[in-house]
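You will see chain A twice below: alongside chain B first, and alongside chain C after that.
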Partner chain A sequence: MSEGPSLETVGDVIAPPSEPGGGGGLTGVLHVPLLGNPNTGKTTLFNALCGLRHKTSNFPGTTQEARIGVVRIGSESSEAEVHLVDLPGIYSLELDLLEARVCRDVLAGRLSPKGEPIGDPEAVCIVADATNLARNLVFVGEVLRRRLPTVVALNMIDLARGQGREINLRTLEEQLGCRVVAVSARKGEGLEALSAAIRTATVPTHTPPGDQTELEHWADRLAVRSMQPAGGNAPGIGTTLSLTDRLDPLLVSPWTGIPIFAAVMVAVFYAIFSIAQFPMEWIDAFFGTAADFVERVLPEGILRDLIARGVVVGIGATAVFVPQICLLFFLISLLEDTGYLARAALLMHRVLRPFGLPGHAFVPLLSSHACALPGIMSTRVIPDRRERLATILVAPFMTCSARLPVYVLVTSLLFKGQPLYAGLAFVGCYMLGAIAGLFSAFIARQTILKGPARPMVLELPTYKVPSLRTALATTIDRGWVFLKNAGTNILAICIVLWWLGSYPHVLPPESAKLLRVQATDLRALADTTTDTTKVEAQRASAQKLEDEANRLTAADAKARSFIGRMGKTVQPVFAPLGYDWQLTIGVLTSFAAREVFVSTMAIVTSAGGDDADVHDEGIVQSIATAPRDDGKTPIFTTATCWSVLVFFVLAMQCLPTLAVTAKEAGGAKWALLQLVWMSGVAYAAAFIVFQSLRLAGIS
Partner chain B sequence: MSIPWTDWQFWVATVVALLALWLVLRNLLPPGWLPFTKRRGKETKASLTVGGKPVDRK
Partner chain C sequence: MLLNAMKAGEVSHVATLGVDDPGDAALLRAMGLRPGIRVRVVRLGEPTILEVLGAEACGCACASRIGLTKALASRVRVAAAAGAAGPETAR
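So, the complex of A and B:
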């Protein structure tokens, strides 16, 4: 345990602290961890103090995320630059959890976020919930025992006042032996006083009891004492039912809570898919224009193709999902801030428990419906390692945005002009993914991840109006992490796919050459014709022939490229599922990223260019009617469509997700297991579907 | 059917594609399996001391 801050050992220039409340205090760079129980408004306070001036990194050797914000306090002559480190919310420093270990090590000066120097913190800021003082004081007591310069930020003081709780700060300060500042991070109250207090923080004058039971009694006594206004009687706490007391019976009860929860989730998804589609279309159009621009500006050659079809398409493939992901994080952050998400996790605990997953898994699984990457990254909130691994393994079963273009394509092939059936098939895909995920979790928890279920201890915070500022800061932060981590992978995969699809170079097929000759003849004929109407018709026909020749050339080049050969080699494996070599190429490229399936199929079936748009009726029609090598049987028969749909619902076709799984789960073996298990399940299910339909005479 | 071996642009594109492949595989394979990826240092045991003196463990 550290014996106070070793000012000499820290590299920065530190002046000795002056008396609390004085105008001076520490100068230079101060490293101040911000810690507290979960749901005490710690992140809101961090955002209120630092705004957007923060960076996100990791604690070395852990997957624990660290946010570091910078706050400047004081005048130019005696300015202190406070590096505030937002530590994970924990209920006790003594817990056997990664989060608690990180907090312990930071307080002991053994650990710092990447890029920050290791050493004793100059001060500690504990965030305590003023509406739940007794329990928060237990944690405060644990930190005070570390004998570091400490300030207690009594957050949500406005809510406490609203509940009729008057806290005597003077009494609390005397009993704790350190500065206590009442703040409302949500409203921005008391922030200046808190900043000043951090700068003048001193080692507490009292040491709370070390025994846990005694510490709890100490906290209870202190809470009761400080709730008494000086010279007055205790306030009438609980004389009227608060909003939380009134809402909780409705929202936490399974009978009413689950339907309300379902309605909230439908609203969240509706908002995500309806609002995000506009920016997604703009981004898609922007990158399409950018690719065209590159092709126009740069001289013809391999590098132009690499930039236009590899780099620009790669960046576009990442950026197009950013609106959905940001919107998802924004809405989740708002829900979390209201206090509802904790109730939702409690409700889902009852649903997920039989499958061996905790209620904490609900948010990661929900996030995975936008993209499995942020979903897997958010499993860090799950305290139990086995439960966390099980959640990571099954998160990609949830239908992500990248699957949607495939669903749109296949359902429109299956149910042309029948939107109701297409919609039902869509819902069925979502349900199949979720059910497969739950049963896979059950199997994992009964076999490789067998272990006792950890009881879920969750504090239900009071309901409050969410902070837009916090939601925005979280959204920007999460969105950037997604772009940085997933974007790099997707871009790299697109470049590799481009290379495999571009080489070796092949001569145009005879059919394309013939069409070009015909087009040239038609143009020559048009030049000699005097009738204007005929000239236009001849030129239009020539252009059509030229386009057809280009499409045939592209399809032939793709078929004979490295990736095309791989398709033909691997095709026998997929033959029992009803796939020909062209469909096999589509499926193979989708193992890198699902979203490339439609554009690959468009190219392979000669339906259009790389930027093919699935909503374009012509392209869907072209893919629907594209024949196999026999020239008669369509690639997409009814049985094949169902087989493809089931395969894409269940298969692990996303290299970036595998990379993140390997990173978060702590080894490539977990990513390999995920790939083998999901793809095995997908193969078996697609085989059963295709063969059953074939035997039933539906083909 | 050919590979444009003599085209310098082909080599630039190939180097970029190899770098991209390395980036993808780096996250998938254990450290040390690929060139230029750090292998984690061997863990060593250290005795617990306070103020430079060994701690008596009961």
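So, the complex of A and C:
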């Protein structure tokens, strides 16, 4: 190609429109999308402008998340309310990706996060990285071609200056035909000037070339031209190895990268489990107190039972996992911000590739170790559809925090007073889940999701000190999404479970009545006895009889309730796994949400109330010794314990996850497949474990 | 010559990408890896790390770093030596 057209003659030159709204610029509500390449600090800028005040919702009809923040600009008399929409970071508007389509539709006024069409945005803010001007200007050109009022935020200006680069903003503004504001989102510099510029944004006076190749050349020339002529000492190339140059090969090579990766993951999970433990205990105690309070305040009846045992327990069961989930997202956000996660994804690509998953799947799978819901939602970073579907399908195999109470219960039954073995069993459960997930992905990619492996390509951002503000914003966002998604569903499930477990009301069994009569007789006897030591003994025996009567009543009510009948009907299905009807109830109820297993078992075995806690020695002891119907064999034999453990590692027992899978994968059939496959694998594995142990003489 | 044949630390101009899939080619191009652009090899092998440098006259004021699989990197052809081809002629 010969010399391309010069900058000045490119495209049409359009006369600048008159300034709108007088001196202060636009007033009222302005819808302003925030666009940019990934890793330009777009989200940091969004957080710096809006603080932590923002809402997260989905663009209607898509799985694409939209964060909207409100910024008020100007004095009271002429205030503008800017509704800033944080769009996904993309490399080009023209790419055939969901994220790019969302950006195109928002710019065209076809899509808005609120649902109702709002037409063309009043202004567009493009975030460009000052340290990588040429590539960012290609994107700026693509947006300018849309001919919307535009402002360019030239971010990381402090870094560029630190590297000895001066950028001539005047030249850039003249050539782009729109306002360019130098900002540093991290340091909070230039934010006011940016807000003012957004308010007075005008349609660009030039239109960049339409052909992509010409646009790239236009951007190259513009980048060269706007660099201040030899002002600072621009760094040379290839002369000295920077820290990044030394660190990158270490982090992505298997020999050094995998041990570093393992150490980072151990640190993250250690932090999650050791720190989250305290708020989890407080939340647990709070909901226990709340349930007690309701029972004391409200008159006896259905309403009291519903609120105390259905609603409060339901909310508490979900809320207790919030600290772990928030902490995980906080740490992942910090790690991502340092630039390490991109290197880790590149490293993990090698590990995941043989199973048909890309390196991008690593963060979603890691997140699934807290909860599959945010894990599945974060699969949006995977560009290939088949790889994304495979990741969604297997994400719930990862050990989520809802499985932990079950692991704690069963491992403490198996290894009482042997914390080392219990810990090893725990690690084994994590590994079993991960391995089952990877092999399931492999099978899916060889059959229903067969297709070529998409080659991995990923930008490696510069290493940075992570921003606490960004991490905090992400944490609040994710915690809230989790509470909304899971809270409502799990609450509904808990209410249904409470109803199934409490109705129909039945009269106390004869045996319990008999015990109560005996207790009353003993008390009457105690009242007439004069010997004080005898009175004490008689009263104590009366209390014991009454406790036993209460236990019998509760167990009988449970057995004859709807759920008890279901348990007895379905039990033959689970008999080959070694479960009796009481354990079957526990398994059935946990198909909706696995964390209810412990409280269900506590109720069924009448070990305690709904506020059962696995850390409570008494409850574990009661569950451990609770007998089957024959009165001798414990419900949890050694073989049954292993079978239950394996079943819970592998089974799909979470309604909210199924709902999110259907939504994210684009069809209920994927959720059904996930349910059938995971539960099938779980049943088969638990069957093999139980029957092998039995054959080996371990029962 | 192929990008694979370069040594770590060397700088060269990209001649052709050689990527068949239009989606992949478009993504690489949008990420800045396109004919005429200068690249510096940070790491070879699996995975390959490249520093994508901007146009010649920018100095190295426009740099970004991308990691990619060996399979992808091995298709990229580069001009024999740094500075041998300008951004306009290498296309």
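Criterion: the second predicted complex is superposed on the first by the 644 of 699 C-alpha atoms of A that agree within 3 Å, B and C clash if a C-alpha of one lies under 4 Å from a C-alpha of the other, contacts with A are read in each partner's own complex, and residues count from 1 in each chain.
Convention: a contact is a pair of C-beta atoms (placed from the backbone, for glycine too) under 8 Å apart; a residue touches a chain by one contact, two chains touch by 3 or more.
Because the structure is predicted, anything quoted here is derived from the model rather than measured.
Contacts of A:284 after superposition: neither chain B nor chain C is touched. In the overlay built on the shared chain, the residue A:105 is in contact with neither chain B nor chain C. In the superposed model, A:343 lies in contact with chain C only, and not with chain B.
In the superposition on chain A, A:306 makes contact with chain B only, not with chain C. Contacts of A:658 after superposition on the shared chain: chain B is touched, whereas chain C is not. In the superposition on chain A, the chain among chain B and chain C reaching more residues of chain A is C. Touch criterion met: A:217 reaches chain C, while chain B stays clear of it.
Once chain A of one complex is fitted onto chain A of the other, the partner contacts of A:189 are absent, as it touches neither chain B nor chain C.
Of all residues in chain B, those touching chain A in their complex are 1-4, 7, 9-10, 12-14, 16-17, 19-21, 23-24, 27-30. Residue ranges of chain A in contact with chain B, taken from their complex: 301-303, 305-306, 310, 488-489, 491-493, 495-496, 498-499, 502-507, 560, 655, 658-660, 662-663, 667-668, 671.
Put simply, chain C touches chain A in their complex at residues 8-11, 19, 23-24, 26-32, 34, 40, 42-43, 46-47, 49, 52-55, 57-69, 71-72, 87-88, 91. Looking at the complex, you find that chain A touches chain C at residues 1, 3-4, 91-92, 94-96, 131-135, 138-139, 160, 163, 165, 212-213, 216-217, 220-221, 223-224, 227, 234-238, 241, 244-245, 248-249, 252-253, 342-343, 346-347, 349-350, 383, 454-462.
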